[in-house]
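Note that chain A is present in both complexes that follow, paired respectively with chain B and with chain C.
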Partner chain A sequence: MARAHETTSETVLPTESPAALWAGIGALLFVVEAGAFFDFFVGIVADFLAATPLPGAGLVNGVENAVERIPTLLSRELIPNGGYWNGSRWVGTFLGLRPGVAWGIRVLLVYLYAFAFAGWAVLGYRLYRREYRTADWTPRDDMVDRFRGHKWGVFGLVVVFMFVTMAVFAPTLGPTTVDKNMRDSYSYEINYWNGEAGEVQTTLVGEANLASQSRGDTADRVLPMGYDDFGRFHPFGTMPSGQDLFTFIASGSRISLLIGLLSVGLSVSIATTLALIAAYYKGRIDLGLVLASDSVMAMPQLLLLIMLTTVLAGTWLGGIYSGGFVLALIFAGTGWTYMWRSLRGPALQVSERQWIDAAKSFGQRPRTIMRKHMLPYITGYLLIYGSMTLGGAIISIAGLSFLGLGISAPTPEWGRAINLGQDYVATGSWHISLIPGLLITIVVTGFNALGDGVRDAIDPQSDAAEEGGAAGRGGGA
Partner chain B sequence: MSKLKYLGKRLLMSVPVVWLGASMTWFIIFMGPVDPASRLLSEGQTRNPAAYQAAQIQLGLNQPPLQHYLDWMSNLATFDLGRTWLLYQGSNVNALILDFLPRTLWLGFWSVLIAVCIGVPLGFYAGMRSNTASDYVASMGGIVWRAMPNFWLAIMLLTFLGTAYTLSVGGFALTFDWQTIGIGLDAISGSPDLSRLHTVEGFLAATKKVFPAALVLGSASMGNEMRIGRTAVLEVRNEDYIDLAKAKGVSKRALVWKHILRNALVPLVPIITSEAFLLIGGSVLVETVFGINGIGNLFYQAARSGDLPLVGTLMYVFILMIVGINLVQDLLYTIIDPRVGLEGN
Partner chain C sequence: MNGVAPGGTHEHNPLLSVRDLEVVFHTEHEEIHAVDGVSFDIHEGETVGLVGESGSGKSVAARSILGLVDSPGHIEGGSIEFRGDDLTEDNWDAHRGDIAIVFQDPSSSLNPVYTVGNQITEALRIHQGLRGTEATEEAVSLLEDVGIPDAPRRVEEYPHQLSGGMQQRAVIAMALACDPDLLVCDEPTTALDVTIQAQILDLLADLQRASDLAILFITHDMGVIEDATDRVNVIYAGEIVERAPTGPLFERPEHPYTRALLKSIPGRTEPDERLPTIEGEVPTPTGPAEDCRFAPRCPKAFADCERTVPEHVSVGEDRTAACLLHDPAYDGGGDSA
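Then we have the complex of A and B:
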């Protein structure tokens, strides 16, 4: 077998050391976009620290400024779309193209880059599996192969990946930035072609926004893929305030994803720990946990969220990340029950196995037994429920901000866009509510499909996710 | 006998659940970072020590916490729910709940019914014709339908129903206008009129009024029920007893109705009832969008206006509802599945 593998490596990669080549490609891919990655992570830390009384906010701001200076290949500076028409041609856009085309090229390149990165990761895995791993086959290979053949699951993975790319590259993807277009719109100027005067004039972004509001059937409204009177391109049209909807949504995807990841991470760890404890000790501890989780579940999740966000809104905790952090904590505090319910069964099954008895008779400590001999058998289920719960969290966050709770007002969030546009759905400005809703549907379907795919890959016989089906629905929002 | 014992055990288990849930609610509201008394007062009143004191005494917050907790819990247990502070100022909470609850129940009743009547047959249909084009269409529809956010779906449906459509085919015009079709409504959204339920016309009008809201509220459950119905039919179809029945020469009709569908219903019961919390949680958003004055809407308004004691009381009512539904589920279980309560003995 080993011989056959050597020959394949020679035909696929014309080099002595495929790993070095692979690492080189990876480093190259990383370096060209290092600025965007650092910006993503430093931005999160800065947002968290900005609201806490902890020291270090100044230092992080310094780092943030430094990070912004790291040259990045796919940036809005290299492929700008914010130019103006000077009467005969476009000035300031990429290669003098129309702003829409320039923006399209940038989005295309960002997604090409993201898929290249994913392809690089897949290549690395296959290289490792074929060339470097000592074992020819492990049970996990079958799972991966089953997942690759699961079209629905792969579709989910692609949707989720595109959503994550949108969140990570949000500042690059938008035709303008949150800062320039929304938060500080009266500090920035733009040039535009005034057709009546026949000359290029200057105005404030805030003023331009006022003249491109989408409120019903007004002549000023900007529909998806349209230009406003100032030569600015709006891929998803404008909001009732005249701000760019795409920028709003891209920025909102970031906060949805972060809260989702944080809350799912927390509830997964709580649920796993408690499931292992319940399955190992059984008896009274199990009963106590059943009662505790039943009591939390008896309070409808969405109502508990509303109650807790109201109570915690004024505290310093509620200020971190525009209220997102406390939202994630509440999600974790209420969401672990559903996950625990679903994990308890598999954990109990594992605890009945003979190797647990053997480990006990060896005198291994309970913690070691749980971690080494029980945990590996339930990690697969964690992936399934994690994926579905993330989808549910996105719906819940949107539902809360639709009601005006949760993420506080100026920070973009998908649910708020739906709320802002709900009066105009029947009018000419139908796009404001419709587009975010469609996106939520697609993303949540993607997370559910990914969960389905993982389930079928891990255990084709089980219908694990069926019981946890409600988890993917975010408490009924 | 063992069934009764099983039900009795479940009933006994629900007592600590209600107690724990109510205690957590008390802790969040009265021991949380927000002072409920100052939330009830306006800006000016907060600075007035006399008014603040009065509010504290009214809420019983001048007592030690343990005493307050015992008072609050005993008030809940005896359904002495007091009066509201901000919302519908000074009205009796019991009366308020009795006034608002029927609308939510009416909405919930129809949303369960619509979801079951569409979701289950569709799932069974897909399961009986698994891996055909119609199965894929039905399954895909269910999955996407389930992923749509309720509040968004509600807005879209309201917009769709709010416009009149005219379809003209060769000089023959067909008009569709939800508001006037069948029984005319004064408005497509708003609370249903439940006072005339006993008359045929009143019943139909109230049903039509909540129908769009119920359709939206049931959307998530409908998708779930479809998926699970499909899997259940698929599983039952592969059981040995189906083969045996076939070999015995059971007619196709009896095979499908008696042997496959009845057994496939068993896993659906817990799904239908366990989605109660989806319905109750979703009722807040759906009632808000459709303007139905139900208990979910009341909860949301109480939370917004800062009437925290009312929020706590309503949470207690929701806990009771969910625990009650879970008990109904156990009861249904024992009726449908004769094995329940026998295992372990």
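Then we have the complex of A and C:
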């Protein structure tokens, strides 16, 4: 072992301390995009506080403004795609390239950066496994190795990773911003080349949008990868309002991910806690929880969703994340039962193991026994069910928004995009519903594939056909 | 109990005194009286054996001493007094660490996701308030005490990296981390092969000498009982049928069940003879005793055995047996030898 250590440090990493080098690279990677990360997290907190009557909204706004000044390497300013044709060349775009090419370079770089970050994390794990961990082998190694060989699972991981990247870097990825293109479109001006007049003219973004609407077979419609009359590039085309669909979708991915994570996080914590309690104490407590979960399951989830979103629509609670927070709470409040049922079995199994008795015999506290000696054995199941429920939650949010119940206008959300485009599905503006629909399918498939992969990695004997019923539960709407 | 003290004739108060313990499991169809009126004593520094077939209730008795009887089982009667405190009145937490247990299967007594050292320090932290390097050093010295070579390295290893015998030593180290007065060993050698078994028995004897530890030794192996214990309680279908000092018991078993058990030890019979077995199985006690539970399998049973619950009667110095053959009130068997 000592010998292997020497050779690897000499040949692979020309440094005394590979961990320091690794941490240094990580810090560097983080610093160059720190602005984007902070913007993502502070934005989530700020959006939350903005709708609540809690104090601190002002402070967070201050922080948000400060965060916006943190320099970010891969920004719209470094690689701008918003420019105009002055009759002979492109002005204001990156290196004078066509806006579409400039945008493509930026997207490519962002994804390269994201994969570099992922590679850095994988490298760190390998480094730890080879150089720092005392044990040559732990049971978890086999799981990781099995997952790596699971092509479907790796595909899921890549899809999920790309979706998360889209959510985190949404403002950088869009060809324009939500603020400029949608929320405040009449406060911004753009220059464009007017071919008839033969000169560069100025117009408001809102006016330009009106002339770029995709409504059926009109001449103004902008299809995917197309330019509108104002020289603006639209990777996914425009919406019926003339707004940029890609910007709408990129921004919408944030709210899908946020609500998905929030609802799954909440239901996972409820389900885990109750599963551990039921398995540890058994008997009457277990029976009581079975009754409670059965009662919750008996409630019609969809009716509850419709009722609560309507009732809470006017309140501040209903205003958080444009109604998304209420959705997350309802998903968690009704969804934990399925997860609890799935977790109770494994938890009961672990609770019969002898080391639990051993820990009880030397007086370990119940909470510590549950956390330390039982929880590690159900975390695998948490990952599986969490991943699969997340896909279901995303579908549900989109479905409800499509019906006009979920995320309220004008907040960008994928289901809303499908809804806005549904009148034009059979016309020349087919892209408005089709693209977000395809994306939802891909992302949800990705989450399910990831869950499948994790399950096969954790439990090689598990039969994929058996678990379909509980785990593959799709959207409720 | 007919005036015969289950602990024999010790001068001091016993360390642990179990009296008329009743453990009942309530299942959907029936009540199972897994432990039905068991009484025995353990004094400081002595090793007491609890021997019986599989299903006789010996493990349940052991677990109830530590308050580890899980639902649907309940302690429904009797008392377990440890240093004068009745544990059944929810006093287990007050004496946590005074009683430690070593289970049968060492590979499942250790949590595979934590290192051996981690699990020993967990107990050290609770009972001796040790943390960090101090706790690790103490864990290393405990591992050395139980005879694990290269302890500083072993303390960092995961359970799967140790052999079965080493694992059982680690489990014993974990139990010792609580600094117990009484060690309950629930078939600690059953899962090990014979040579390792002997080493573990030696280790337990050494530990007992070194720290005046009392040991309750639970097993179905009469050979182990003979090697390891000072006094023996023979348990059958939830009831203790004979209690005696180890030497006299092996010389002259008084209860027909004990006699049958001893006859079925390989090596005690003539070389050409077929090894005798006890016909039938241990019955599952589903109600209060109304007869001698061994009667259906007993070669010496007579009519009264199926009507009367035998009580413990003195059958020699410091020993009792629950058999009508020895009860002067009955005269069915005639010969009491």
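Couple of notes before you dig in:
As a working rule, the second predicted complex is superposed on the first by the 457 of 477 C-alpha atoms of A that agree within 3 Å, B and C clash if a C-alpha of one lies under 4 Å from a C-alpha of the other, contacts with A are read in each partner's own complex, and residues count from 1 in each chain.
Basically, a contact is a pair of C-beta atoms (placed from the backbone, for glycine too) under 8 Å apart; a residue touches a chain by one contact, two chains touch by 3 or more.
All figures in this text were calculated on a predicted structure; none of them were measured in a lab.
In the superposed pair of complexes, A:422 makes contact with chain B only, with no contact to chain C.
When the two structures are aligned on the shared chain, A:297 is found in touch with chain B, with no touch to chain C. By the touch criterion defined above, A:315 lies against chain B but remains apart from chain C after alignment on the C-alpha atoms of chain A. Look at A:135: by the touch rule set out above, it reaches chain C but stays clear of chain B. Legend: residue contacts after superposition of the two complexes on their common chain; A:73 is shown touching neither chain B nor chain C.
Touch criterion met: A:359 reaches chain C, while chain B stays clear of it. In the superposition on chain A, A:402 makes contact with chain B only, while chain C stays out of contact range. Between chain B and chain C, the partner in contact with more residues of chain A is B.
Shared contact residues on chain A (touching chain B in one structure, chain C in the other): none found. Of all residues in chain B, only 13, 16-18, 20-21, 24-25, 28-29, 32-34, 143-144, 146-153, 155-156, 159, 162-163, 217, 220, 224, 227-228, 231, 271, 274-275, 277-285, 288-289, 296, 299-300, 303-304, 306, 308, 311, 315, 318-319, 322-323 touch chain A in the complex they form.
Those residues of chain C that touch chain A in the shared complex are 63, 66-68, 70-72, 93, 96-97, 99-101, 103, 105, 108-115, 119, 122-123, 126-127, 156-158, 160-161, 171, 174-175, 177-178. Across the interface of their complex, chain C is touched by residues 134-135, 138-139, 281-284, 353-355, 357-364, 372-373, 376-377 of chain A.
Those residues of chain A that touch chain B in the complex are listed here as 291-292, 294-304, 306-308, 310-312, 314-315, 391, 395, 398-399, 402-405, 415, 418, 422, 425-426, 433-434, 436-437, 440-442, 444-445, 448-449, 463, 466, 469-470, 472-473, 475-477.
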